[in-house]
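What follows are several structures.
Look at the two complexes coming up: chain A is in both, with chain B in one and chain C in the other.
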Partner chain A sequence: MSVTEIGTEARRGWMGLLARAPAARLAGVFDPLGATPGFEWLRTPETGGVMVRGRTGGTGAPFNMGEMTVTRCALRLETGEVGHAYVQGRDKAHAERAALVDALMQGPRAPELREAVLAPLAEAEAAARRGRAARAAATKVDFFTMVRGEG
Partner chain B sequence: MRDDVLSGGFADTPVEAARAFRAALEAMARPGSIHRVEGARAPAPVSEAAAVLLLTLCDRETPLYLAPGHDVAPVRDWVAFHIGAPLVGASEAMFALGGWQALAPLDAYRIGTPDYPDRAVTLIAELVNLAPEGARLSGPGIRETARLSLPEVAAFQRNHHLFPLGWDAFFTCGDRLAALPRTSVVEAG
Partner chain C sequence: MYVAVKGGERAIDAAHEWLAEERRGDASVPELSLAQIREQMSLAVNRVMAEGSLYDPDLAALAIKQARGDLIEAIFLIRAYRTTLPRIGHSRAVDTGAMRCDRRISATFKDAPGGQVLGPTFDYTHRLLDFKLAAEAGTPSAREADPLAPEVPRITEFLNKDGLIQDEVRSEDTPPDMTRQPMEYPANRALRLQALTRGDEGFVLGMAYSTQRGYGRNHPFVGELRIGAVEVEMEIPELGFDICIGEVVLTECETVNQFAGSKTEPPQFTRGYGLVFGQTERKAIAMALVDRALRWEELGEENVGAPAQDEEFVLAHSDNIQATGFLEHIKLPHYVDFQSELELVRKMRKGALDAMKEAAE
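Showing the complex of A and B:
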C-alpha cells in the first residue's frame, strides 16, 4: 500500500498523535504487541531544535513563537515500508517506536495497531484535553449571574 | 520517493563524519595526498568519496551546485533527504559537484572578495583516474614536490594567480579523494 492510498491526512493524524504522546504511554501500549519487526535505519535518531511558528488568529502574519526540542528518525522495515518520526523531546526510543508504528500502519498490521496503539493514545489525549478544559471552565466567570445589588 | 534515495547515509554519523572530516582536512592540508573514505552511498553517478564529502561538508546553509550529469532526480532527492542543502546555480554555490568537464566554465564560480576570500566555491570534481603521477605540485603543505593526476594544468595555474582569491578543489574517484587548494603551484609534469 502506498502513502497516497492511505491518504496524507490520515498519516498526518497518526504521526501527530505519536509525536505528542508521552514516551512512557507509547511504550506502554506498543511494547506488549511483542517482538519488534526487523528494520534498518535510514536516519538514526538525532535531536535538534525547531522553530515553532504561529499566526495570530490562524490567519495573521507568521511570527516565531519559540524553539522546541525535537528528535527525528527514519527507518525501513524488512517488508519495505518506510516510517518517519518527529517527536517532542530528546527520547530516542520514543522516536524509534513512533517511526515503527508509522511504518507498520502502512502494512497489513494497520488494523491491529489502530486498535492497540492509536486508539488508546487518542483516548488518553482527548481525556487530557477534557480535563484541562474542565479545570479552565471552573475558573470562568459568568457575568449574567451577577446580581447588581439594587434590592 | 524511491527507496534507494533514502538509504546511503552514515550508519554512525558522529564517528564516520569525524573520520571523513579528518580525511578531507588532511587532503586539503597536504595537497596531492590521496585518502580513502567510506560509509556513504549516493545514487549514480555520485562516487562513494563524493557522497562522503557531501554528507560531511554540506548542510542546509551551504548552497550546492550540481553540474550537468550529476543534476539528476535521484541525486537531487538524495541531497534533499540526507543533507537539505539548497540547490542553486553555479554563481551562488558554496560547493559544486560534477565531472571536471561538466563543472566548466570555471569563471562562473565565486572566488571570494578581498575582505572575505573564504566566500569562494569548493569544487568536488569526479575523476576517472586519481593517482600520484602527472602534474607537479609545490607550495604550502608539500615537502618539495608532489604529483597528482590533474585533468588539466592551465585552469589551476590561472586560479593560483588569483591568490588570495580563487576556488579550492577536491578530487574524488571511487572511495579515494585528494585536494588542491588555491595556494598550490601547479606545473605540467
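Showing the complex of A and C:
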C-alpha cells in the first residue's frame, strides 16, 4: 500500500498527533510493542527553531512572532517504508519514535499501530482538550447592564 | 569605551561558585524542580518565552531557575540559546480564529456570540493575600460544564460586515524578520508587531499607558481578548504537504478604536492588534494600544509628537536585552576610558581655576 493510497489527510492526522503528543506518553504506548524494527537514518534527529507567524489583526498580512523548538528526523525501515517526524520540543527519542510510527503506519502493521499507539494518543489528547473546554464553559458569564435609575 | 582587561580569573571563579551556592539558597529547603517552575510559575515561564522569543516551557523554566528568578536575565539566556538553534523554517500563519479558548471576553459587546468566558483570571479577585497558600493548599479542582461550541467567531468580523471597521487586508507577503536583518526605519506594521511581541512588558505597558493618559490618545476598547491553544502548521518540502508540528498557547487582543475619518476614509473604527506567546494578557493589550498609536501615518492621523507615535523611539527601546546589555556594560571595567576623562577634567579644572584667580587679581 503506497502513501498516496493511505491518503495524505490520514498521514497529516497522525503526524500532527505524534508531534503534539507528550514524549513520555508516546514512549508509554510505543515501547510495549516490543522490538523496534531495523532502520537506517536518512536524517538523524536534529533540533532547531521554527519561526511561528501570526497575521496582523488576526486575518491580515503575516508577521513573525517568535520561534518554537522542533526536532525532526527521517528514517527508512528494513522493509523499505520511509518515516518522517517533525515534533514539538527538543526530545530526539520522541522524534525517532514518531518517525518509526509514521513508517510502520505505511506497512502491514498499520492496524496494530493504529490501535495500540494512535488511538490512545488521540483519546488522551481529546480528554485533555475536553477537560479544559469544560472548565472554560463553567466560567461563561452573562453580563447584564443595569438600567440607570433602577435598583 | 570598554577596553579588555586581563586577570581576575580566580576572583571570577570564586564569584561564580558563590553565585551557585546562593542560587541554591538554604540547603535544608527542598530544591526547585523545572517541572515545579513550569507548572506553578507558569506566567513567569510565559513571559520568558514571549520576550525570549522562543516557545519552549521547559527551557524557560530552566532559564528562570538559572537566573534565580531574574526574568530579564532568564530572557537573556533564552535569547542566547535561540541563536544556537538552526532555523528549520517558518510556520503557516496561525489561525487564531480556530483557537481553543480558555478565556475569551469582549468589552464592547455584552452579548458577544460565543459568550464571555472568563477563564483562569485574576480579574474579580480581591487582591488580598491568601494565607492559605502559605500553608500547603492541597490540590484544588475547578468545576466543569458542558463544553461550548469550539469555533468562537471574531468580534471584529461583526463590525466588518457593516463596514464599520477598517478592513484587514489578507496577504501572503513574506514578512521582514528582525532576527535575520538589522532593523530599518521606517518599519512596516509586520516588523513593528514582531518587535512589540518580544518587547519588554514593562516598556510596552508604559508606552500604552502614556497613550491612555493623553500622549497620542487613540480611544481604545478591548473588542476581544482571547487566550488559548492553536495548532502550528508548517509546509514540509520533502513531503509536499503541511503538517501540524505542535501547539502553542497565545494571547490575542484586538482593540477597536475611534476614528473620525481622514481625507480618504469615512469615519469608522480602526484596529490595534496584540498577539503574544503564552497567557500574557497585560502585554497583549498593551501591544495592541501601541500598535494602534504607531499606525497614525497610514491612517492619515496627525502626529501630535507623542512618544508612542515615534516608531524609532518605541522600537529601538523596547528590547530589554539590548537595553540591559548597553546599560549594564557601564559597570564593567572602563579604567582606561576613565583615566583619560580624569586627566581631561583635571586639566580643564586647572585652567578654570587659574582664570578665576587671574580675574580676582
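Here is the rule we use: the second predicted complex is superposed on the first by the 134 of 151 C-alpha atoms of A that agree within 3 Å, B and C clash if a C-alpha of one lies under 4 Å from a C-alpha of the other, contacts with A are read in each partner's own complex, and residues count from 1 in each chain.
Definition applied: contacts are C-beta pairs under 8 Å (C-beta built on N, C-alpha and C of every residue); 3 or more make two chains touch, one makes a residue touch a chain.
Given the structure is predicted, the values throughout are model-derived calculations rather than measurements.
K.L.:
With the two complexes overlaid on their shared chain, look at chain A and say whether chain B and chain C clash or fit.
P.N.:
On the superposed model, which is not a single observed complex, chain B and chain C fit side by side.
K.L.:
Could you say whether A:Ala128 touches chain B, chain C, both of them, or neither, answering first, second, both or neither?
P.N.:
Neither: A:Ala128 stays clear of chain B and chain C.
K.L.:
In degrees, to the nearest 10, note the angle that opens at the C-alpha centre of chain A toward the centres of chain B and chain C.
P.N.:
80
K.L.:
Using the touch definition from the top, say if A:Arg76 reaches chain B (first), chain C (second), both or neither.
P.N.:
In the superposition, A:Arg76 touches chain B alone.
K.L.:
For A:Ala119, using the defined touch cut-off, is the partner it touches chain B, chain C, both, or neither? Pick first, second, both or neither.
P.N.:
The answer is neither, since A:Ala119 touches no partner chain.
K.L.:
Regarding the shared-chain residue A:Thr8, is it in contact with chain B (first), chain C (second), both, or neither?
P.N.:
second
K.L.:
Which holds for A:Trp41: it touches chain B only (first), chain C only (second), both, or neither?
P.N.:
The first partner, chain B, only.
K.L.:
Tell me which partner touches more residues of chain A in the superposed arrangement, chain B or chain C.
P.N.:
C
K.L.:
Now for A:Gly57: first (chain B), second (chain C), both, or neither, which partner does it touch?
P.N.:
In the superposition, A:Gly57 contacts chain C only.
K.L.:
Once both structures are overlaid on their shared chain, how near does any Cα of chain B get to a Cα of chain C? Whole angstrom is fine.
P.N.:
After superposing on chain A, chain B and chain C come no closer than 6 Å at C-alpha.
K.L.:
Share the list of chain A residues that count as touching for chain B in one structure and for chain C in the other.
P.N.:
Chain A residues touching both partners: 46, 74.
K.L.:
State the interface residues of chain B toward chain A in the complex, per the touch definition above.
P.N.:
3, 6-7, 9, 11-13, 81-82
K.L.:
Which of the residues in chain A end up touching chain B in this complex?
P.N.:
40-44, 46, 74, 76, 80, 82
K.L.:
Inside the complex, what are the residues of chain C that reach chain A?
P.N.:
Touch residues, chain C against chain A: 49-50, 52-56, 58-59, 82, 85-94, 96-97, 100-103, 110, 115-121, 142-148, 150, 154, 156, 168-179, 189-191, 193-194, 197-198, 231-232, 234, 236, 238-239, 241-248, 250, 252, 254, 271, 273, 275, 277.
K.L.:
If we count contacts the way the header does, which residues on chain A are in touch with chain C in the complex?
P.N.:
So the residues of chain A touching chain C come out as 8, 12, 15-16, 19-20, 46-70, 72, 74, 84, 86-90, 129-145.
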